[in-house]
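Each of the next two complexes has chain A plus one more chain, namely chain B in the first and chain C in the second.
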Partner chain A sequence: MFMIWKSILKRKTTWVLVVIIPILFGLVIYPTIKDTVSQVSVPITVVDQTDQEITDELLNEIDEEPFQVSRMDTLDLRLLSTGEAEAIFVFNDNMEANILSGQTDEIITWYRTENSYVDGLFKEKLASALMSRVVRAEAASVVTQYKPEADWEEVYEYGLRYFEPRPIFEMKFEHISGVEDRSATVDESGDHLLFILLWLYISMLIGYFTQFLYEWRADGVLERLQMVQRSGRFYLTWLIGVFGITYSIFLMATQLMEIPVVKWAYLIPFGTVLIYFIFFEIVKKKWTMYAWMISYSVASFVIFLLADWKIIESDWMYLFIPTWLLV
Partner chain B sequence: MLQLNSVSYQKGKSDLIQSVSATVQPGDRLTIFGPNGAGKSTLMRLMAGIIQPSSGTITYDDSLSGKNAIGYIPQQLALFENLTVKEHLRFYQKMIGSKTNPFMNEMIETLQLKDFWNKRIDELSGGMKRKVNLTVGMIQQPKIVFLDEPFVGVDLAAKHDMLNWLNRLNSRGVTIVFVTHDWQVIHELADKMWLMENGDLLHEATVDEVVHDHIELPDTSSALQKMISFHRY
Partner chain C sequence: MLLYHLWINEWKRLWKSPALLLVTLLLPVALLIVVGFVVYSSVQEDLEEVEMVIIDEDETFETKALINQLAGDQTLAEQIHFIDGGTNLQEHIQNPKEAAAIIQIPEGFTEQLRSGENENITIYLNDQVPFSSQLAQLFLESGQSYITSAQAGVNTVHHFYSSDLEGEERSDVLQQNTIHFTFLALGRNDLFDMREGASSGLLSWNHQAVLTGILIVYFLTYILLASLFQPKENHAIQERLQLISVTKSKQRLATFLFHVSFSWIYLCMLIWIVSSQFEAYLSFSWLYILQWFSLAVIFAGLFMVTSRLIKERASMWFVFILISIAFLFVNGFIIPPAYLPEFLQATWLMPLRSLYTGFVSILAHNQWPWVEWVFILVGIGIILLLNGLPREKVQR
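Here is the complex of A and B:
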């Protein structure tokens, strides 16, 4: 029975699909997706009702990779629940004046949710940018108080040389709770995109192997096998081979991409192979089967992403096999 | 040894076989004769047990109850495109669970398969493929064999060898049922004829009776009638 696999493996297409494509994926597509995902991963919203100059200054100073900062002039907390903002920082009016006079209470309000993880880093950067200004202002004030002839501006510019920075301001921390749970964290949603691509690939691969069953049925090979022996063993050989290949790829890929696979998720390749096999049994025409399976795969892709974003949360979504990852 | 009792076969709404009753006797050399689409292949597949009748029954006697008693050589070439002749034979030999197979060696010899032993099926000529198709279908040394147009594209010398060999098998007791559109093959390989048209088994007769106009068909202008008249040419 190994012969049927010999026949399959003798085809170049098989090697392209099973070996070349995963390698290409690993070398080209995977790093690209990983990068893009981490680049756009932390959306931060800054609200400044009076559009102050100091806001520009501060934001320019902390304009760095993982954050995607958008500026608004009104506070909209819904952004937190929809996930459009990981956190919202509200810059109060007269911020510059407050900083220069050493008035550091409540100059910024910080809104976040239970699911905000990396916004703390943004807070740190913002804090250090603010702190250097506060420290220099205080230094200048102290110096000019005792040495009236000193130039305030000059001392302010060089203030950092005389004073060790210390945490002298605190931000008011306001925790917004009761916000919809977005368990898709920054890293995970990127992994999930990779996962659904992996599943689409596996699904296509199984479709390719199913094509042989159709071919052999059309050629009469299956009938012939039925004559000399039960075709059961033939199907078993096919199934074992397909399970072997899909599970190897699935387990290796999820390991490499560090996608956590738990309980039900282990059944994903199994379920996908089974669905193709059932289709083979009930759908007589190859192209009809492909039409169904392409529709199913596309639907699964969409449903998986919607389920991942918690837009769909009903049980029927588990009809679409990749969602088993989310159980 | 094989009996058809009012066997019908439907596919969708159309009746491909309409209430056929007939018997195949041990050692028969029988040909099923009729125009394209008459239902010859369908009837052979029913008798070989590949498809089941929609109504009626087919009964086999004890000699055909064994696992490998029935051989079937399909009209299509049911072969793995990219496996070699050798791989095919080894594969099917394993399937039937035999190690040494003098019968298979005899076939290999007769059909001279060694000439293209290590070639892939898609590298063979049409006639060569037919030979492999025949060998694979009979590898289990059946008691009765159904051959669906086995000689299409086979050259005259090879056809001669194959016919001789099948007749030799028959003299050893193997029952032969076949379909062909080739009168020469009928003359050399058949004693009995089943005349079929439109899914009906119209007549059972000996080849001699058919050739000497001892039968009467209901429709004298039919395609079947014309085909019969070609035996002289």
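Here is the complex of A and C:
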């Protein structure tokens, strides 16, 4: 019966699909994609014509991700028309003095275009960093107005304790329908997209192995084996081999992509192999089987994504094997 | 003439399998329509009215001022509605209905803040309305720093001044400062003088979305066409073709011409349909179609060269899809080019980005992308040259 696998392994395509593509993907492509995606950022330009100390302080306070902030000393609006900057923030020449004296209106000029997408997020971060100084200066002014003997500097510095080491006011987010942490869900969405692509690859791989069953059926090999009552062992050998290959790729890839596989998810390769095998038994024509399996795979892809985004939540969705990851 | 017959033969093979042709044409469109429609309708329904229930167990002047400020702030999403949820938290948690979030302000919250202690407000996000609950979280997170700022101001003044006062005067000053600092912190937009210009090196959301949509449909259709109608490798047929001087190179060129001509018809139809159905997003223009056509020629050329260099089919498809996706990524079709890592924005990669920058010239600047077309023509020339190069014969 090992002759079956000997003939499968003789084909170059088998080695390409089972060994070369997974190795290339795991060792070269996936790390490159991960590294490149982590470097995706929004270009922001900050212009400070007088090289003020407060500019350094503010930029240090702002968490750079996902922004790539470049600092310049002259305004160049061409950066917006070439797309090199999403927005340009020009700092007032006497910014610190203006903040301390309470003259804070329009201390920053914010240049953007109607097609700038996410510069508002940077504006919010900048405003938040500025506001911690603005309110402390205002509080110091209010106190010295009522109590002229108070030391302005002391009051200004005192206010800092409400921002560091942790802000005085924080919100705790909880989820009603069982998901513990939203940030974890967002991270998982990226992994889940990779997971469904992995499943499509595994499904295609099983489809490739099923083609051998059709070839042997067409050549009369299966018929002859049935006559000597060896077809059961023949199918078993095929199934064990395909299970071995798909489980190896599935487990290694989920480990590499750090996708947590629990409970029902372990049955995903098993279910996929089984469904191909059942289709092989029911459908006599190879191309009809492929048409069904392509439709099933595409439908599974769509249903999985919709279920992952929580747009659909019904029991019938578990008819589509990849959704077992979400149980 | 020979090439013409080979090209006609490719078209004949297409008409011979109407079922496969139908799958090729309809599957990508159906996929995009189903996913797009379900997501769009769900997001629309979800975001129509974002409700937030407030359970104010503290019920102080400060918490009421905070709620009023949040509800009345013009800079926040207009569609957010705050609902007074009374004091029964459990009832709302068990049956949140359409509420995106339930905000619980615990008893003693104001007192804790006044004494300078870090006190959490608990927000229960309703995962049954995922988009609006995510919006609610974004909105509330941005509010955290401003509330901290406002409270820092109030506490500082209280520490140095109002804590020395007594009775009604003390509470009046506290209330006055709460209002003053809350307004000051929430008026963050006054810090900026915003100037918006029309000239941009970026595409608008609408144009980017249409570009991505057309690209997904076209790319999937092209892959289905190239894979489902790939000629079978038959040794006997190849030998007969060689006898009448039909080389492999000519066969590939005929397939290239077939892919290009199919793409021209397909893209004209697709863009005409999209522009007539979504006029607000895309207006019909031959310049726009030409730019898409140049992308189609590049894809067909890449396919031709890959099949020239790699004989084994699985490897050929793997390399072709990989190169195509990398090419689209570097261009900026997947993530707009301005956001790509610095090494991908290098000047020497500019010719490779001609497809996307061509679209930017047409859509954002209303200009003919002459320079980009020169680069594209050079690229096509290189591809045709690679296809024509003779394969080195191995002596046995």
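Operating definition for what follows: the second predicted complex is superposed on the first by the 174 of 327 C-alpha atoms of A that agree within 3 Å, B and C clash if a C-alpha of one lies under 4 Å from a C-alpha of the other, contacts with A are read in each partner's own complex, and residues count from 1 in each chain.
Keep in mind that, in the parts below, a residue touches a chain if its C-beta (ideal position, glycine included) is under 8 Å from a C-beta of that chain, and two chains touch if they have at least 3 such contacts.
Please read these numbers as outputs of a predicted model, since none were measured by experiment.
Novice: According to the stated criteria, A:G220 is in contact with first (chain B), second (chain C), both, or neither; which is it?
Specialist: first
Novice: In the superposed arrangement, does A:V228 touch chain B (first), chain C (second), both or neither?
Specialist: In the superposition, A:V228 contacts chain B only.
Novice: Could you please specify the touching residues of chain A with respect to chain C in the complex?
Specialist: Result: residues 12-13, 16-17, 20-21, 24, 29, 36, 39-43, 68, 77, 80-86, 104-117, 123-124, 127-128, 130-132, 134-136, 138-140, 142-143, 146-147, 150, 155, 158-159, 161-163, 166-179, 182, 291, 298, 302, 305-306, 309-312 of chain A touch chain C.
Novice: Touching residues of chain B toward chain A in the complex: what are they?
Specialist: Touch list, chain B to chain A: 45, 48-50, 67-68, 70-72, 74, 76-83, 87, 90-92, 94-96, 136-137, 139-140.
Novice: Along chain C, where are the residues that touch chain A in the complex?
Specialist: By the definition above, chain C touches chain A via 23, 27, 31, 34-35, 38-39, 42, 93, 96, 102, 113, 116-128, 130, 134, 137, 140-142, 144-153, 155-157, 159-161, 177, 180-181, 184-185, 188-205, 312-315, 318, 322, 329, 335-342, 344, 360, 364.
Novice: Show which residues of chain A lie in contact with chain B when the two form their complex.
Specialist: Contact set of chain A toward chain B: 1, 3-4, 6-7, 10-11, 216, 219-221, 223-229.
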